Every structure is written in C-alpha cells, then in structure tokens.
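In what comes next, chain A is part of two complexes: it sits with chain B in the first one and with chain C in the second one.
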Partner chain A sequence: MLLNTLKRLLGRDGSGDCGTEARADGAASLRADGGTPTSDGFDIESVVSSLRESEAVRSAPFWLPPFLLMGFFVYGAIGWNVIISFTDFAGLQLPTYDPTAFDLEMYRRALSDGQFWLATRNTFVLLVSFTGLSLAGGLGLAILVDRGIRFENWFRTIYLLPFSLSFVVTAVFWRWMYNFDSGVINVFLRGIGLDFLASKWLAGGVELGALSAIPLVPETLQFKLFAVIFALLWQFSGYAMVVYLAGLRAIPDDQYEAARVDGASTVRMYRRVILPQLRASTVSAAVVLMVFALKAFDFLYVMFGNNPGPTADILSTMMYRQAFAANEWAYGSAIAVVLFLVALAVVAPYLYGEYRRGEL
Partner chain B sequence: MSVRDDIADQLGVDFDAVDPIRVVLYGTLVGLVAFYLSPLESGLMTALKTEAEFATSPPFVPPTADGFTLEPFSVAIDTLASAILNSIMLAVPATILSALLGSFAAYGLTNFEWRGQLGVVTLFIAGIFIPYQAVLIPLSRLWAIVDTQELLAPVLDITLFSVQVPVLGTVELATHPHYASIINLIITHAAYGIPITTLLFRSYYKKLSTEMLEAARLDGASAFTVYRRIVLPLSTPMFAVTLIYQFTQIWNDLLFALVIIPSGSGPAAVATIALNELTGGIIQTFNTQMAGAFVAALPTLLVYILFGDKFAKGVAGEA
Partner chain C sequence: MTDTPDTDGLSRRTYLKVAGGAGSAALLAGCTGGGNGDSDAEATESDGGSSGDSETTESGGEGSSGGNALEVQHWWTGGDGGAAIQALFEGFKEKYPDIEVTENPVAGGAGQNLHAVIKKRILNNDPPSSWQAWPGANLQPYTDADKLADIEESVWGHNDMKNAYLDGPKKAAKPAGEFVTVPLNIHRLNNLFYNVEVVEDAGVDPASIDSPSALVDAMAKVEEAGYVGMAQQTKSAWSTGQLWAQVLLGEFGADVYADVTAGNVEANAEAVKESLKIVKQYSEYYPNDAGSISWQDANSKVIEGDAAFFHQGDWAAGMYRGQDGFEYETHWNQVPFPGTKGVYALNMDSFPFPANNPSPEATKKFLRYVGSVDAQKRFNPKKGSIPPRTDVPKDAFGPFLQSQMDDFANSDAQPLSIQHGLAVSPDALTGFGDAMSSFISGYDVESAYADLKAAFE
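And now, the complex of A and B:
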C-alpha cells in the first residue's frame, strides 16, 4: 500500500523534477497526510530504502537528464513561444512578459490576413497531395521491388538515395532540373517532341478559366507548388518504399500461397489480401511524411528565398519571414502556434492509437 | 516444331523462361532508376563542364574534351572548405551526444517498470513530430540571452590539432571564437535529437532478454553496472544505426543554423548555409552550383553508400 502510494507519487513526478526532489516531495506529502491508510508504523528508514529500490528512482539517473534537456528545449520552448504570441514583441525591443497585457491580437491579425489564408491553403495542398502521392509512389516501388527481383539491393539503394540528401542539395539540383532553357525536364520534353509542354516550371502557370469562380482558387494555377511537390516526391517516395517493404515482408508467405492456390490474380491478391494488412505501415509512413511536409521550409527557402510568393508560400515560410525578416516576432509566434496545432492534429490521433494498441 | 522453338534450340535458350511480365517489370525498374538518378547524373555532368559547354549541351550528356573542366569543383571546395570543417565540428559531437542520451533514456524507460512511465515515453516520442517553427523564436531568444562565447572565453581560441592533408596543405582544426555559436547548435541538435534516438534505442531494448538483466540484478549489480556491462555492449548495432541516421539529419539541417548562427553566415557558417549562399547569387553558374551541391552532400552520400542498409534501418525504425 505504502509502496503503491509512493510509486503513484513518483509516477506523477515524471513531469520534470529531478530524483532527489521527488524523494523529498514524496516523503513530505506522506507526512502531511500523516496517519491515513498506513497506520502500521510510519518509518522513514523503510521509506528511504523502498525508495532506493523503487524502479522509478533506480532508473531516474538514466532517463531524467535527457528528459530535462529535451523537455526544456521541446516543451519549454513551445510554451515560451505560446507566451510570446500573446505579447506585442516586434522590432528590436525586447519582449515584455506582463500577463495583464497578454491578448489574442496576433491571432486576430492572422485571421484577417489574406496572406495567412493563402499560406494555410498551400500548406494543406502540400500536406495532402505530397503525402498521398508519396505513399502511392512508395507502395508501387515496394511492390515492384518485392517481386523477387535480382539486384534487389541495388534498386532499393538507388530509390532511397535522394532521402539521404539535404533539402538544400535537393533544391539546388531541382532548380537546375526545372531551368527553362537547359534544364533536364524541358530538354527531355523537347527531345521527344513535346515542345509545347516545356514550361517555366518555377514561374509559369496555366489559366484556369471558369474554375477560378470557386473561392480560394486563383485565376492562373501556377506550377510552383506542384514543381515543389514533384521534387519532394522524388526525395521521399523511397522512404515510403522502405516502410512498405518492411510491412510486406512481415506478411507470412503462406498468405501469398493461399491466395495463389485460390486462383486469385496478382492484382486481386494485392487488393484483397495484401493491402488491408499494410494499414499500419500506411499510417506510420503518412504521419512521418506529413511532418516532413510541414518541415519543407528548407527546400522552399533555398528555391525561392524567404518569400516564395502567394502560390507557394506555406505557414512555415510565412512564419520565418514574419519573424526573422520583418522582425514581427509575436506575429511569427502566433503563426508557429497554428502550425504546431496542425502538426498536433496529425500526430495526436496517431500516438493515441499506438498507445491503445500498447505499441508505445 | 515452330520457327521459334527452332531458334530456341539453336541458341540453347528456353524462351518460355523469358516471361514478358518480368521484362516489363525490369524495364519499369530500370526506368525508375533513370528517374531517381537523373538529377544527380545531370548535376555531375554539369559540374564537369565549362560555362560555354553547359549552356549549349544537353545537361545529361557528358562533357566533350574541350568543354571538360574541374574548375567548378576547385571553386566549390575553396568556397565550402571552412564551412565543411564547421559542419564536421558540429555534426560529430552532436550526433554522439544525442545517441548517448537516447541510449540512456531508452534504458531507463524500457528495462524498468514503474507507474507513469508510459506518460514520460509519450512525451519523448511526441517530441519527434513537432514542427521546428514552433520553437524557433524561443531558440533565438535563448541563444541571445545565454552568451556561450563569454562563458567559454577561456577555452575558445585554442588549436585542437593541425594535420597535413595532401592537396589542401596544413589544416588547423582549431576552435575559434565563432565556435561558440557552433556549441549552441550542438546543444540544440543534441536536445532535439533525443526523441528519435530514444525511440530507436527503445525499440531495440524492448527485445533484450529480461531474464539476463534480471539475473544480473539478482547478483547485486547496480543499474549502472547492468548498463555498462550488458546493455551498452549489446547496443553496438543500434548505435551504428542511430549514429548514421543522426549524422545525416544534423549535417543536412539548414533551419537551426539559419536561426542560431548570428546573421546566418560568416566564419561559423555550416555546409548547408554556405551552399545556399554559393548558389543564391544572381549569376547562374550552374556548373559551380552543382559542384557545390556534391561537395556539401559528399559526407552524407559516403555514409549512405557505405552503410546504406543501416540507414534504411534507421529510416524504417522511425516509422
């Protein structure tokens, strides 16, 4: 009973204090509610010795220092950011953390800022199309590579290769790929007689005509964002492939056999037997890809500088521009909070699902 | 006997073994190889061409004898050399630090049983997914307040060692006053690396035999002894995976460097920043840009080519 109480106290303590403080706290609160359930001789010695044996205390020297460092930088910084977003911090003046002056002005400003809505729209376009296409591409690659081919390692290594490059390097390569006069894409298109398709991929667009009557749909659809998505697809589909391959390999061979004996065609086998079992792979790859999409800042920054323009601006580039170029620190913080909430909306259900299935 | 079988007999080939589906399969695979390698291939070809050559020839065609030059590479190496040294001095310590801390945390959170453990684990894992924009402004504020340069004044500005490198001459690996901002970056990267390294090590430690650890404990071994004598030696393969993954991530980062290194550039610039500056000019010298991209990517490309399988494991472990 006593041990349980202690364990509970220690368990709750996990939020941040260090081990020795936890011991003091535990003992103090025990003494505070003095004679409650355990009246059979309260003994500080036994408390201390059972504490020493308690797993939480024994393990604390290992997990607590990393936890404090990580907790400070991750959760401390997020909290700090939220607080800054309530202030009017801008320019060279230092922020004043006066709770009475906190307000939601920066969020109101965002809601009435056309740029913010464009960036939000682009963020979702990027998030959904990039994730969907990468998953589809990665699944296709995984199925091809999983067909018992020769030189499998070579193919796999080449498809995953772009993933090891930085966004900066990828952006430098693709700016050259998309070059109008002598980039690979246009040279290739002209080479196979499709001259009319050769375009200014990073600056051009097509007229949308009647479609632009729909709200938030522009008159000309610029290629910019799609050029970005295509390049990112090149970089990340290999990642999705690796995740799917692991999923495919985890399916027992006899299921393939059974489907074959039943006379199912290959397509049917994949649709009925294999794909449903890849749900877990899909979910985890999708979450990671979405997080990468939210981090696509580096790529856009190298391609277009800190203002990619209304058709390719996403929340992360807008946040950086407002804060670090325009010195609108509080406004930047508010945009960052929105971005964080988007990420949370993606990740929280995933983590909860993992928790429910006991996979954390 | 048909003509086809006749030919097959003469050639000693069984045509039926050449399954048309396999032909299409390999055709597709090779076509995809072309797609995945084309940016790299045309980049490499362009980097080997003179300006006159790359503007007039197709980008993926190798340079002609007249148009061949190594100058883009020598320009790129000259421009990026100090930034690459900075990147090494950043990525190596930060990688080791975050891997070690991740290993500690994973051991403390996996091989012990206590209430509330799962809550702590969740906080660790959720840290993997945060968009870094949500911490940028506090980070820049923090490193404006904490004056590492002042704190470390006595130890900065010392030569660690100098080595003779062929081609480059004497290279002095020295800490300089600007190294303070690199130390800030090391701490930052180590901290933000902990969630993913913890996850990777935890997935590995979950599979360790509990009987063995329990036996050691019953023999009176302390938690530290168990870690040092049993868990750490067994972690070698996972350290390889984690170190490779983290090295790639830290080497490739641009955002933290932009925010934490004052004015983004100068003597403390890391490879990604220097590459961005090299390629950001108005004059489109694509040959130098491509050479720069290869030079800046070389360490991660080497790591990938040498340890590709471990890299893939780190990637899949993240899922």
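And now, the complex of A and C:
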C-alpha cells in the first residue's frame, strides 16, 4: 500500500524506458502513465507534477524509511509513554485509552510525593556536580597530557580506559573499594595515618548543623550520592579529557608562540588564549556527560538494587521501581516523562545553539 | 528545470528510479525488520542472561500443538535452585513422558526480571502454562484482573493436597478466596543463626533469649567479647525488611503481625514503633562495613567466626552446607528468632494457573505433580527448603532441614512474609521497600512509621 503510493508519487509504474518522456515542465502534455487515471485533467496533473519535482518528494526514498523507523520506534514510543502517563494504568488490566478520561492525576501525585522530590533533588545534584567535576578533571588531564610529556599515548589510554568499562563492572568494584573494613580506600587512608578520614562511604555521613534549615537539605549529609558521583567521575573524566585534548590540538601552535612572545605566563596564556577557544569542546562534552548522569541507573541498580534509599535515589531508579516492581505503570510513565523533559532541557539549548551557528 | 541537459535528466531519472526501488525495498525490509526487531526486543528483555531467545517462537507454536506442550518459566537458573528444579522436571518427565516441557528461565534480579516478563505476557494475553511466583498477596494484581483460574477441583482435589498442606500455605494459595496456585517449597524467615563457638566464648545461650528486645543484651555481651553482634547487610533494604518483620512477630505476636500487614498500622502504632526502635538498637551491633556488603558477605562473617548472630531466611544454611569443616550443631546452629517459638514464618514459591492457559490439561497435570509428595521430595532437599506438604518422608533431608520440618509440622501459626510478597500486594511492597530504604539511612523511627503507614494502608 505504502509502496504503491510511493511508486505512484515517483511516477513511473511501467517498467519500460521512460527516460525520453516529457519532463514535467509545467505543460499539459504530460501523461501520467501506469495506473494513474488522467480523466480529472489539468489541475491534478499539475499538482502531481509539481509534487514530483519537489525536493521533499524526490528525496523521500532517502529520508522516509529512516524517518518512519525512527518515528515509530523512538517518537512513537515516547508518545505512547506520554499517553500512558495520562491514564490510570496500574496492575494487570490494560487501560482504556479514552481521551475524555485523560488527566494529569499522575503528575499531581508526583508533585505531592516526597520521594519524587528527593529523587529530583538527587538527580540534579548528580547532574550538576558530576558534569562540572568531570569537565574540570578532564580539562586538567588534557592540559597535562598536552604539555608534550613522555609516553603521552600511554597516559591518554590509561585515562580513557575506565570509560570503556561497563557500569556493572565499575559499580561492583567501587563497592568493594568503599568497604569500610577491607576496601582499598580506607586501607590506604589508614596506611598513611589518616585514620580519622576513613569513613563508611556508602552508609555514613556528616552532620550539617545549621545548613539543614534550608528545604530539602538533610540534617546529615550522607556520603552515598557523593561516593557514586566520585566513582562516575573516575569513569568519565577520561572522556572529557579526550574531547578537550582534541580541542587543544585544534588550536594552532602560533597562538601559543605569540602568547609566549608577548610575555604571557603559562597560567595567563591558558586563561586568556586557550580556554576561551574550548567552548565548543566544553559544550559537547557537557551534553554527553549530563545524559550519562541521567542514565546512571545501571550503576545505582548494581550497587544498591532497585531502591538506593532516599539519599541516592534518582528519577530513573524511581521510575523503574514504580513501573516494574509496584505495577504502577502510569505513575512510572509520568516520572519517565519528567525525566525526558529534563534530558530535553539539557540537550535542546545545545542543539539550538548548534543550529543557529549553522553547524546542524 | 527545463534547461537541464537531457542526458543528465535521463541518467538522473534512471538513478532516481533505481534509488526509488532501493528505497521501497529498504522500506519493505524496514517493515519486516520492524517485526523482527520487535520480537528481538522481547527476547532480549526476557533474556536476562540466559536462554530467553526462544520465547516468542515457542509461545507462537504453543496454541497449535495442543495439550502436550508445557511452557514453564522460572528464575532458578543456577546453584541450589537450578539443580532442584531440574530434579523436579526429571520426575515430571518420568511420570508424563508424552508431555513436552519447555522451560524459559529468566535469571536475575531475585525474580524481578521474570516478573517483568510475566506481566508483559499476561497483559498481551499470552501467558505461559505456569511460572514461578510468590503466592499470597503477590498474586493479587492477577486475581484482581481475573487472570488466574480456580483450580480447587482440578488440582487441589487430587493427591490429598488439602489435608497435607497446613493452613498458612493454603491461605497463601488463595489470594482472593479461590485456589489459584500450588506452593512448592517453604523457606523459613524467623531464624536466628549463630556461630556456636562465638556464642560460647561470649557466654551467651541463644536458646534462652526469649524476645527480640532481649537479643539486644545478648549482642552487647557478644560485642564485649570482641565479636560483631549481628552480621547484617544494609547495602539494600530487603534484609532489614525481613528483620523488622521478625522483630514485630517476636515481640508482639502473630495476631499483631497479621493485623499490621492487613493494613491496620495506626491501630498498632505502638507495636510498629517499638519494633522499629528495636531494629534501630540492633543496628549498633552490625559490622562496620554493613553498608557495602551482600548477605553472603555478611554470612561469611559468621562462618569465619567474626560475628555471632545472623538473621536471614534458611537459604543461608546452604552456605554452611557448602563450607567444609563447618558443621551443623558443632559449628553453627539455629534457633527460631527470639519470641517466635512455635511460629513458622513463610516464604514460598508456587506455580499459578493462568486463566487463558495455552495448555490447560498438561498444566493441570504439572500442578498436580508440583503438589505431590514425589515432586516436593525431589525438589526441596536440593533447594534447601522444606516441603509445604507435611507428609513428605524426612529421610531425604539433612538434619537441619529435618528439624525445620518438625518445627513446621508442630507450628501453631504460619505468618506470611512481607518482604517476599506473600502478605502484601506488590504496590504495598514497593512502599515497604521505600520505607525500609529510608529507615536504614538514618534510623528515624517516626518517619519510618509514617512511611509504613502510607505503604500498608
């Protein structure tokens, strides 16, 4: 069906050589061959022929198939998820997709759910601190590696290697490293005489005192989320380093030389000349890192199971729990929509900026 | 456009045509590919690490092959469980050689991955013949949606099952008043395991501890002697969920326990808060690394003689069995959790009967077999659990399980597990999990009480 329409739009149904036929030059002489009846006359023909000439239609074979696939499997799924979030779908009875019964009940429920706010807070803490620290760490490493050190390739590979490991692997061994009694972190701290710093990284915390008067700030700051952020940082700084390194390499050498000749110190040279030119690297690395932060689900799930507790629960773990453990499909969908909007809010400005600068 | 040279137009048009053909071919491929992609996705989802890839094809063929094909899904893919279910299937095949059994195990997530697959198949009206499920309130969403069939006559009417099962398991088999599932095994939850040498060294007699609150003093004594009081993991909340339930049961009795799980939290506010407080006191006797270890790691502390007590379901004894030179009664032992003498707290697995069963006759035969002495005798010794039937001969079981079977046969009450879904619906269970997760990160009794109230009511 679709195939026929496509063929008809493209014009040539018959298999003969149609090459010499009149081109659609706007004249009336064109006969729509094949199955298209021509009795309706002039107008339709001209519409058909102008359609045939339009870029969109002529390029359809190239964009239409991927468009349909993407549309169905990605945007269709997102759309369906949004629709489910408007229903009351829970348990094991399929919802009735009745547009008159659609409401925002699930979103209201989320707004009045303390757990949801905790998860949102944690998601943003994770997003901001992980991205910021990864970028800073990556930039530092990139500058060091770019100083023309020996064994540069070795170091680059070593720093990037954690990025190639799966979340499952890193989660398991960071859990071991965080062990209070036998974990390498505390063993090391005790070994160098810093016993007082050895902590229960996954279960302990510090008292915040007066700060806890601020809403959503707890009385004790649990290390759990920061332990997770630190582990993720270790994994992703290498990626930020590679992106920055590419950016640094793209800066012509004469700019370094010119800065030197003008008597700029190294710090000043980087601050005034080099860093301002790394904007594009920063933005693209930041977007990727933020999306990874939103997807930290695997890491948390492997480390703590489907409920990491109030101090490390993020929206994606909560979504999974509500949908697949509690059978609250609609509520899970609503959380998914919120998560989707957050991701969109991260990516959209970047895409728009690229579009405006004509790079998209 | 007319100024385009003709030859160019020709080649370009031919090109377009070819491209169009290719495009439609790609589209066609895209359509069929889409179909494949779909079933692939399904297979991967059901995969979870083992052989889920045949799921769609198998279930597709199911309808046509009539009553002799049986599809059973479970999450026992390895270890004790894997060996146990294989022994059961062997017995079934001996009895019914003409029934073709297809297993589609879904590993991982303590059954959560399988639950997801089953829910999806139920929603798609394509259930397997039967699957591994916790009985009791865990099946409530299925009975609410009318997805399970009454098997009182067809299954429970055979093999003298109704007399052989005690009331607790029977109640769990009737989540909505009708028999819809057949429990296969029981793991006990109200155990207190201990390292014999450690408690002797500390001068504590576990059998004399008569209530959960008295256990606190015992653990204090143990810590004075230089051991960890209670090997507990707080990496995830479920062990604490189990522990709190036993404390409630031991300190306040089976009636209060049942009342709380039925949703009357406020009426039992004192009991709930007091039991939370006791758990909070216990937490002072946990190992330092409780937050980053698994229950197996915790249990190792008992085996290695670093910790005295250990609370867990009796699957924990499987680790002791596997440990050379660590023998029952000389090195480790078990008492009912303090205050729960005469009580057998149930955690069970069962096989339900879906309403639109693809192979009703074969499934009935299978469920009757699951409820038989032969099946339970084959399965349970390997699994390290006890049979829910009280007439299974004890000689196949080891000394520890034999004593558990005696306790079970003589028990006055068989309360259903909260943490393992028997007593509360999946929705309430998730709320319970949230409550316990919050509780272990700060031990705030009041807010845990509020969370529990919200979860159960």
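As a working rule, the second predicted complex is superposed on the first by the 297 of 360 C-alpha atoms of A that agree within 3 Å, B and C clash if a C-alpha of one lies under 4 Å from a C-alpha of the other, contacts with A are read in each partner's own complex, and residues count from 1 in each chain.
Definition applied: a residue touches a chain if its C-beta (ideal position, glycine included) is under 8 Å from a C-beta of that chain, and two chains touch if they have at least 3 such contacts.
Predicted model, so just to flag it, every value in this text is computed and none were measured.
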**Report entry** Which superposed partner A:Leu202 touches (first chain B, second chain C, both, neither)
**Finding:** second
Requested in this report: Using the touch definition from the top, say if A:Phe116 reaches chain B (first), chain C (second), both or neither.
Outcome: neither
Report task. Based on the superposed arrangement, let me know which partner A:Arg156 touches: chain B (first), chain C (second), both, or neither? Result -> first
Report task. Answer with first, second, both or neither: which of chain B and chain C does A:Phe180 touch in the superposed model? Result -> second
Query - Partner chain in contact with A:Pro310 - chain B first, chain C second, else both or neither - result: second
Query raised in the report: Where does A:Phe86 make contact in the superposed view: on chain B (first), on chain C (second), on both, or on neither?
Result: neither
Query raised in the report: On chain A, which partner touches more residues: chain B or chain C?
Result: B
Query raised in the report: Looking at the overlay, what does A:Val347 touch: chain B (first), chain C (second), both, or neither?
Result: first
Query raised in the report: Which of the two partners, first being chain B and second being chain C, lies in contact with A:Pro61: first, second, both, or neither?
Result: both
Requested in this report: For A:Phe167, select first, second, both or neither according to whether it touches chain B, chain C, the two together, or no partner.
Outcome: first
Report task. Please identify the positions on chain A that touch both chain B and chain C, taking each partner from its own complex. Result -> 7, 10, 12, 58, 60-62, 64-65, 69, 72-73, 175-176, 179, 181-183, 305, 324
Query raised in the report: Inside the complex, what are the residues of chain A that reach chain C?
Result: 2-3, 6-7, 10, 12, 18-20, 23-25, 53, 58, 60-62, 64-65, 68-69, 72-73, 90-94, 115, 175-176, 178-183, 200-204, 220, 222, 224, 303-311, 313, 321-322, 324-328
Report task. Would you mind writing out the residues of chain B in touch with chain A in their complex? Result -> 25-26, 28-29, 32-33, 35-40, 42-43, 46, 54-56, 58-60, 101-102, 104-105, 107-109, 111-142, 188, 190-192, 194-195, 198, 223-224, 227, 248, 251-255, 258-259, 272, 275-276, 279-280, 284, 286, 289-290, 292-293, 296-297, 300-301, 303-304, 308-309, 311-312, 315-316, 318-319
Query raised in the report: In their complex, what parts of chain C are in touch with chain A?
Result: 1-2, 4, 9-10, 13-14, 16-17, 19-20, 22-24, 26-28, 30, 34, 37, 109, 112, 115-116, 119, 122-123, 141-142, 144-145, 147, 234-238, 287-293, 426-427, 429-431, 433-434, 437-438, 440-442
Requested in this report: Report the residues of chain A in contact with chain B in the complex, numbered from low to high.
Outcome: 7-8, 10-15, 54-56, 58-67, 69-78, 80-81, 84, 95, 141, 144-145, 147, 149, 153, 155-170, 172-177, 179, 181-184, 187, 191, 234, 238-239, 242-243, 246, 281, 284-285, 287-288, 291, 294-295, 297-298, 301-302, 305, 315-316, 319-320, 323-324, 329, 332-333, 335-337, 339-340, 342-343, 346-347, 351, 355, 360
